[in-house]
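Chain lettering (A, B, C, D and E) follows the sequence in which the chains are written, and residue indices restart at 1 in each chain.
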């Protein structure tokens, strides 16, 4: 088996007539550093469950094809060679292997005779104030195996693993499709969390806008908008993918109502996303209006103050003139009178603007 | 019957192989406090009507399966155990029981062989100035039973109950589907009320905007927009659900024209919602334009006043200068002349701005 | 026949097992005062025409079922009892009778075995500066009768009535469907008139905006927008309704090309409405831009005038200072020089701003 | 043959049982003055071509029904009687005759057993700075005749006529459908010219906006927007009409690929129209932003100049005060120092604003 | 073979019954100068590969129809006569030859019995700061030939040519359709590059806007918007074309999964384009808001400074009046007190505006 150096890494398999074992550094196409590969195998039937962490291909291959259901949970895409080796044992088409390794797939489902491929994306926020990120999670569903390939762990599948270990319920009795459904369901739940969080952020924002429209809010709004764009990018194809999966031959009749339920959830998600976007637009509109109002108020303040002081300053200027014959200057109460007039003007003006609510 | 503690409350049934009796605190997922459960049974045929309030499951179960039509009107979701018990007696699928208990379903219809499930949402405004809220109302329609499950009462079904008690008409003769239609119809009427109210609010707002565009109107507009978003969220799936119900096998031929009428109403509702949203957008646009006009007027006032006083103050400044040789200062009527010139400038300016409607 | 008091007037029939004779005050649901009922009967064949005004049900009923074509033109919805009586004689379904009496139906067509119902809306403007109003016009088409029910008259059908009286042409030879088409056609013509009028108004407005963007135009624009919203509300379902009517069994083969022509007209109407809305949006945009331009000009005027007078006033202030040693004050031509400098500054400034077109 | 006066000119035929010969003044419904009627006949086969201008109906009728292909090119709608006479000879349905005479049809195709009607609109600009106008061009295609009816000439069909006279190629060998295609093609080319011209105008405009955003550009933008609205109004139904024509039985198999090509062109046209509209929107946006920027600059100029002169004028005012004990006034270099301070303030201010790019 | 001068170059073939050899200057319709024609032939089977540059038609024709797969890579459209000669040998329909020569085709696929035509557009940026340009790339796929016709080279197909030369893999074994797929794939990759670059530009822009919203950014935004419009114009029909190609009979079963993969890529491209446009809109919105904020700040600065200096200047004016009896002027500490008051006013004002964040 000779390794062959490829010039163009994007779709290299297409041209190969030798078995496909790409060099890992060329293949992994994700924008994060590939985390170390951890492979965990769950081999179980209703009665018993074996859970092991496996590091080499031969051991892994030993679990394939057995009668019990085997779940291989592959986390991290560093050890690409081993992964593609595994895929070959399962007779996966070279184009599909590539798709599994290029972690920028849109959610989609590919049905073949022997296996069904499901590509999903999981949203997560690396740190409280950072942008949302989306990881690829792919499922390979065969008759007796489920292989899940994830870019990173974050404990998403922990709850399902715990149910597998503790319970003797459905999840142990039913096939790979039901297990896939359970995992898909935790991913969908993650989307709900993200959207609810964004909705809450917008509602807080809205309150802040109505209370005090500061320019800083603009940056917050911008961040939420970015997050929504990222969420929509995964969510829309996700809905299609779940629908396709529901209709896929990989899904048995018993699992179908669960898949339909999952599909209902994605529809609700898409609807929530629309709602959230409308909320954000409404907040944006409020912000713009509030900014406009503030500008208006500032202008009115300036205008009313100018209207008060201009006549006063003018009057003072008049009696600062040096004409020889200015009778008022010689009056005994001239100065007093002048003050009286000026105060009067000011009071009238202030009252006028108060009434119009400019001050 | 052993109760089983679930780690993940959202879809816990999926994994259970024991009968389902969830602990109530875990299950009820509504954003209001669950009101006390009140269960009222109407058992009736054309000739007679029995109406009772029931508190325990066995009594309730006694009404099931009889020949007369039984309407169980369940209000409040506190006593979840009894409700799920009832559902099990009716052989309702665990996933559906969950949907009945999670009161955040979108309007939808689920047909099975034995029963039809209808999920609806009812809009109501808890207090005059609060946001709209939407409650879940679900129907379980079987051959001889109708079970309605509501989050709260608010007297929505009172009129139908009164017709049931007083009349010997259609509502007593026809089946569960006609009764369901009558209840659905009162819910749809509620939407009309909400939308008409919003439309009226917008028209008042529009008048206020044209009369006096105050910043306070912005908050009103924002509230109406929120209400419209909430209404749309229930209304769009409602239309689909009513259409699905019309085509459902649960609806007999005699009830069909009534269902079609109800569907026509939801179409009209959706249309009214669009109309209301367009009205609001038009009001928003008027407001923005009016604010802009006001800003323009303020600027013109400032500009015209500045243009009047600047030359005057300048003139006064000139004759306040201390040059030795300033012939005007010694003229006998210099001061008078100065005033004449200044008044002239002012008058010309005022006329000029009056003509351009700046003042 | 016992009259039955209904608690809930909106859909009261549903529950009645007695013949339906609702009390008129409860039923008529229009936002105008119901005008007095005037019923005119045209009973005609190719050879002869009888035209009569009829006031009681029995006389009216005498015209039904005859071989000649009978057109009952019912104007005004005050005498609801008589109308519903007539409907019952024609075996019209209670739900349909209600629809005829509730004058807020959307345009739609309902086919049954015995008759076809057509609901239309007619637009009219009560007074030159008032909002558009839409009246309901409904047709009941049977084999040998056409009943038209209108909220108000306004002479809409006069031209058709005149053709009926004078001509011996098609309108007398063909059936109820052709007569219905002729009436529908006059209603569609009315829409064209309304839209053309709105289009003209917008074009006038546009000219005014380009000439002189006054705030008053905003109110005009708002009124046109309201009218367009009202027109759209009737027009969109109208198109669907005419299409449905074209395909209805009530339309004979000879009338079909005329119906198709009518449908083409509604398509053109919908298109004109879109065009008109786009025109209005363009006008709105022009207005906003023009307002912005004006604001800009105002600001520039203020800025340039301030820039001219500020240095002048400053200079005058300087030579109004009372320092002991100010050599300029003692110069012989100091005052003159000061004026020269000030005029120079002013001229330079004015030239500068003229060149930049700020003044 | 008795002429019959019609009260309602819009669809008068409907009621006529006599042959249709409307009075021309009532019928022609175009917004331009009807130009004089010029009728030109091309009667040709592969071998020979007869071209004649014809003024009376009988001569014209002599050409009909012959074996050679006859093209009647009718320009101007003044002589309506003759046109409707011709149409009757060709057995055209009265409703279709009306459509031919009412020159406000949307592009559409009407197939009957004996003939196919094509309604098109041609765009042209009467004078360089005027609005676009759209003329109706209709085709009547029969087995051996093509009748084209145009509101005005403008030499649109000259190139095809020249090819007919000179060439012995396809245009002489193939049927009426190919001739119709050739004419349709010149009309479509006209649209390309109009759109390209608009696109160029927008690009010039965009350059002007980035260079110097003057208010005059607003009027240009408004005119282009109007032209686009007019173009869209013809173009959208044109696409549908050409598609319908491609599928029409009037089109022979040999002409079909040419029609498909024409359809491809209309798709490209529609796409170009969208592109042009997007370009205009982008230009509009640039303009608004540029205006905003200018406003900002003006405000900054005003603000910075005010900030420079306000302290200076204040200082001058202080030393113009008449307090008895003002030590500075008696200093020998008081006045000089005052100037030094004032110049310093000014210089610091200017530097400050320069650095922030406000000046 | 007589050359025929055409009056109307756009669709001249239609009328020709002589073989088609247009004069090159009339035909090439591209907006760049036609680059010199370079024709490169690859004639290959699994075993061997002949690569030659060919300058005359007879040599070129010698390669046609052979058993080995022949790829003729035609770059530059100057030598139009030779190209159309080649097309005639391949029996290509005259309308299609024209399409190949008019380099403004939208992406589309044309299937005939003997060959399949694919029109694509390639995006490239001639120089770093110039607008995107789109070149036409067309494929003629027959059983044993692939002819690619490109406006310009830019080395797009270099990688495929290199694979052809070096590898003995799939690309040498499979048919013309697989080769076409490989070339199509490099073109699609080019789009990804362009979009990623635009996305990066927008993200940079967004950062600049949040940091410092300068008017220069407006021009950058405008350029990106233009590029997006150009990209969309090619991309939308590209997706349709690739879908049509996937379903075309020219694509063998083995190549189909690769074509489907290519189609998935175009779907992803369209999605990325939407995402990029939304990003740009968000950036635009941020920019407008930022500009608005700046205006607000400027206004506040002006207003607060005016409010500080107006009372001070007024005070100074008051004590510059020349009234005889002004007691304050004679106070010993009058001047000092005056300063104290003025400083106090200033300090209070500054504190006030500081607190409101206006300064």
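As a convention for this text, a residue touches a chain if its C-beta (ideal position, glycine included) is under 8 Å from a C-beta of that chain, and two chains touch if they have at least 3 such contacts.
Every value quoted in this text rests on a predicted model; they were computed, and no experiment measured them.
A.B. asks: Along the graph of touching chains, what's the shortest path length in steps from chain C to chain D?
C.D. replies: 1
A.B. asks: Provide the labels of all chains in contact with chain B and in contact with chain C.
C.D. replies: The common neighbours do not exist; no chain touches both.
A.B. asks: Check the residue numbers that chain A and chain E use where they touch, and answer same if over half are used by both copies, otherwise different.
C.D. replies: different
A.B. asks: When the C-alpha atoms of chain B and chain E are each averaged to a single point, how far apart are the two points in Å?
C.D. replies: 45
A.B. asks: Provide the list of chain A residues touching at least two other chains, using ranges where the numbers run on.
C.D. replies: 292, 295, 299, 302, 306, 313, 317, 320-322, 326
A.B. asks: In graph terms, nodes being chains and edges touches, is this line, ring, star, complete or other?
C.D. replies: Basically the chains close up into a ring.
A.B. asks: State the ordered list of ring chains, commencing at chain C and continuing via chain D.
C.D. replies: Loop order (chain C start, chain D next): C, D, E, A, B.
A.B. asks: Once bound in the complex, which stretches of chain A touch chain B?
C.D. replies: 159, 162-163, 167-171, 173, 182, 185, 189, 206, 210, 257-258, 261, 264, 267-268, 271, 275, 278-279, 282, 285-286, 289-290, 292-293, 295-296, 299-300, 302-303, 306-307, 310-311, 313-314, 317-318, 320-326
A.B. asks: Which residues of chain A touch chain E once you look at their complex with the stated criterion?
C.D. replies: Chain A reaches chain E through residues 7-8, 10-11, 14-17, 93, 95, 106, 108, 215, 218-219, 222, 225-226, 229, 233, 237, 284, 287-288, 291-292, 294-295, 298-299, 301-302, 305-306, 309, 312-313, 316-317, 319-322, 326, 328-330, 332-335, 338, 342.
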